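Down below are the structures I want you to see.
Shared between the two complexes below is chain A, which has chain B as its partner in the first and chain C in the second.
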Partner chain A sequence: MSSETDQMMRVCPLSQLARGDAMRLETRPPIALFHTEEGELFAIDDTCTHQDASLADGYVEGCEVECPLHASKFDLRTGKVDAPPAKLPVRVHTVEVLDGDIYLKESEEEPNLPPGITVDGHV
Partner chain B sequence: MKTLAIVGSSLAGLSAARAARAEGFDGRLLMIGDEVHRPYDRPPLSKDFLAGKVGQETLSLEDPTEDLSAEWMLGERAVALDAGERAVVLANGQRVAADGVVIATGSTARTLPQFEGLENVYTLRTLDDAVALREELRPGARLLVLGAGLIGAEVASTALAAGVEVTLLGGPRVPLTRSVGAHMGAVLAGLHAAHGVTFIQNAVLESVRSEGARLLSVGLSDGRVVEADAVLVAVGGEAATAWLEGSGVATADGVICDDHGRTRVPGVVAVGDCAAWEDQHLGRHHRHGHWNSALTQPARAIKALLGTPDPQPVATLPYFWSDQYGIRIQFSGHAELADRVEIEEGDLSTHTFLAAYYRGEQPIGLLSSGQPRLFGKRRRQLERSLAAQTFTFS
Partner chain C sequence: MTTAPEKLAAQGTHEKISESLISTLPGYTYVDEGVFEAEQERIFEQMWFCAVRSADLEKPGSFKTVQIGRESVIVSCNRKGEIRAFFNICRHRGVKLCMEESGQAERSFQCPYHAWTYDLDGKLIAAPNLTKMPDIDRHEHGLVKVHIREYLGYVWLCLAEEPPSFEEDVMGAIEERLGDVHKIDGYDVANLSLGRRITYDVKANWKLIIENFMECYHCATIHPELTEVLPEFADGLAAQYFVGHGAEFGENIKGFTVDGSEGLDVIPGVAEDQDRRYYAITIKPTVFVNLVPDHVIIHRMFPMAADRTIVECDWLYLPSVVESGKDVSASVELFHRVNQQDFDACERCQPAMSSRIYAKGGVLVPSEHHIGAFHDWVMDQVGDVVPESSHGVRKEVR
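Let's look at the complex of A and B:
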């Protein structure tokens, strides 16, 4: 294994995540992994920073995901809020593909979880 | 345009202010609102805020980093609109002149005359209402909720989780018939009894027993007596448009607007809960009364007000969500236009399903109970499919 991937966790074979699909990883807090129509992979925190909604359930257009609940938009590359009501960014995680497998390295920043939510879910 | 006055400083008003600045409006922006609070979010008032899970500071709609350069006139009630001189008249007598006016006064909770003067009877529309009602939700207390619409249902669910004994009274019609149709309304209403709320359908209130200013019990037409420590009256809302009387702005159930939010008075638009926009699919004016419309309508209305209307307006489909008993319910479309409903995923007994509404072969609505992902995908398809249908379904 290369030095870049040794602190990374193996998620699944790339073939299991089709273009246009997303999956939710049950990490603490959960992470959303996206494979865009254009073939790019992105990983961000799954829980919207506004309230309790899963961004893996959101709608992806270009490099943006729209929250399924109140349509806040997050930039998949930077995690920044492109449209309210969310105010705080989501964290962005590093994703790589090696030998056909997806690897992920979780960000070391503090997550911006919505009020009333902890890394384990509801308070 | 030099001065823009926005009347009503909540979600629709704030969204209008943001839209105006985004469109490059650099004149004076006046935010008039009769509540003393800066804009806050109402949906949590029947959910996490009422449950005591989140505090008031989480309700703010503003972003501390944004600068709208607005002049806030809070705690000021508009009592009239002088359309000729285009001025908003405040309760303190002040006249606020403006070149453009956005009406965003939302709606108010309907009250029932039988309960006038009783101190343990509440409505729920504002932060202050929620703070007062929250005090009553003590474990073991008995709460009577009148009206099984979205707010009544959510409060029943939140109160139950807080250990309150809840009785919920529905009216003669199946709850939520107007929003999701009678069939699905009955399915959703099934949640109440399933979770331990006493749900009484078709309850007609006959008498009220009180001691001093405290209500003790209500009598129903079937002879039943329901004792209660507190009562929530959740029998719907009315557009807050009384202040527009005599202004020339037409109102019916809401401010009558075209599909850009323009009223018949030039320079005056209306958005959000107080506004009834022309709906091309329904072929009539329609007041949505949901959060999403208060968020999205202002962008279009502001463009029209600033003289650059959207060339191809597409009717925004009503969308709302509701959280009840830990289940996320989402709806989009027009249930009233449907001639059939199909369960396309999951099943009704577990309350995890996606129901699709059709008029002939045309999809016209979607209801999700605990299927947010599928709902999100299908909602896009529905919007696209309906955007292509510019005719009126009648």
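Let's look at the complex of A and C:
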């Protein structure tokens, strides 16, 4: 195993996340992992920065996920939000596939959680 | 002459008044709120109810809302193009999800109150703080599904927990009228296209409309154009008086049109003995079907109140006829006039239903006696309901 993957956490076999699917990881805070129709993998914070909605339940179109509650869209590559009601970006995490397994390295930035939410859940 | 059509014997529990006359339903059954509520609960919310034309819901997310009994129902098309139907009620705190009669949902149905969000299969897919409540089962708290059948190009819904047999109730009604359910197959109704739709807001009880549709004692008086096309209607015996009998077009009549002019292209599957004939079927509780060689007319009733019924009427033609933009107006005009004439008559009956003179109802002449079977059926469902007007009387007595 390479030194990079040493600090990465193994998530699951790639075969468990079909194209077009997303999964929510119960990390703190939770992370959403997307396998797009085009075959790309992305990981961002799962909780929308506007209110407590799970972006893994959102709709992916191209490289964007639309929040299922109030339709702000987040760029899966940069975490940037396109338009209100959400204003702050989500963090983007590093994803890699090694020997058929998905690995993830969490961003070290501070997450932008919506009001009333901490990394452990509700205040 | 061909074989004499089989005559339906009138039978039942209604009062025989004289050799020729039997009684109708009492007047209160057409106006009483309690009776109407019982009909909503025991008839419209229990039986298969023809709700929407399937072709009106072809795009994923397209939806219609329909009133069935006391309930509002969303009928929609999911991502795979399959039809789904749900009670129009948010599972959180009961908000009516869709207020529009029809529309296009983007990807989901979202409640305007706290944003509970349901996918096009009704599953709860998002809600504020939903992930913090892992005990909420997204299927169990999804929209409540309604039973669905697609038949004759329409979506039929049943709100009952255990739906009655579709084969017996719906297909059975066709069998009963045509003598064989497959006699409708040749009209290929499911694959016809909509040429015209007219919606009528009728200020009359739904039963008056059914009774009107079942008899032809009125035809020579109020339907001059129809009687011109179907001369045998002048004798007052409706097509629905018989089994397997279609009323024949008059000699000089070219088509089923307002002036007897040429109709549209004949539906190829129509059998030789069905050509130049008109068939009419009532499918209880709210559907009328008319079959003629070049088109099919489907009426769907939506009883809204004891004294108000919305009737949506579709004229269906071969797809090639509709695509070519051929003029269907002479064809539509015939039954549109019939509808107006009939609904006017029903609206003129409605006010008398609460009159003291009509407390025991009116009478049916022999050519209307088959309506007695409909009355028996109604009384089987709601005959036990004590009219609210008599509650009033009791109060006064006290």
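The rule is simple: the second predicted complex is superposed on the first by the 123 of 123 C-alpha atoms of A that agree within 3 Å, B and C clash if a C-alpha of one lies under 4 Å from a C-alpha of the other, contacts with A are read in each partner's own complex, and residues count from 1 in each chain.
Methods note: contacts are C-beta pairs under 8 Å (C-beta built on N, C-alpha and C of every residue); 3 or more make two chains touch, one makes a residue touch a chain.
Please read all numbers here as calculations on a predicted model, not as lab measurements.
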- Query: Putting chain B and chain C onto chain A via the overlay, clash or fit?
  - Reply: clash
- Could you say whether A:S54 touches chain B, chain C, both of them, or neither, answering first, second, both or neither? both
- Message: Just to be sure I read the superposition right, which of the two partners does A:P30 touch: chain B = first, chain C = second, or both, or neither?
- Response: second
- Check whether A:V65 is in contact with chain B, with chain C, with both or with neither, and answer first, second, both or neither. neither
- Considering only the touch criterion stated at the top, classify A:P115 as touching first (chain B), second (chain C), both, or neither. first
- Considering only the touch criterion stated at the top, classify A:P84 as touching first (chain B), second (chain C), both, or neither. first
- Query: After superposing on chain A, which stretch of chain C overlaps chain B: 7-15, 25-33, 61-69 or 241-249?
  - Reply: 61-69
- Return the residues of chain A at which the contacts from chain B and from chain C coincide. 51, 53-54, 57-59, 68-70, 122
- Note on the structure: As the complex stands, chain C meets chain A at residues 107-108, 110, 115, 117, 125-132
- Item | Residue ranges of chain A in contact with chain C within the complex | 24, 30, 46-47, 51-54, 57-59, 68-70, 121-122
- Item | chain B-touching residues of chain A, taken from the complex the two chains share | 51, 53-54, 56-59, 68-71, 84-85, 87, 115-116, 122-123
- Parts of chain B lying in touch with chain A, wherever the complex brings them together: 18, 41, 44, 48, 53-55, 58, 61, 63-65, 291-292, 295-296, 321, 328, 372-373, 375-377, 380
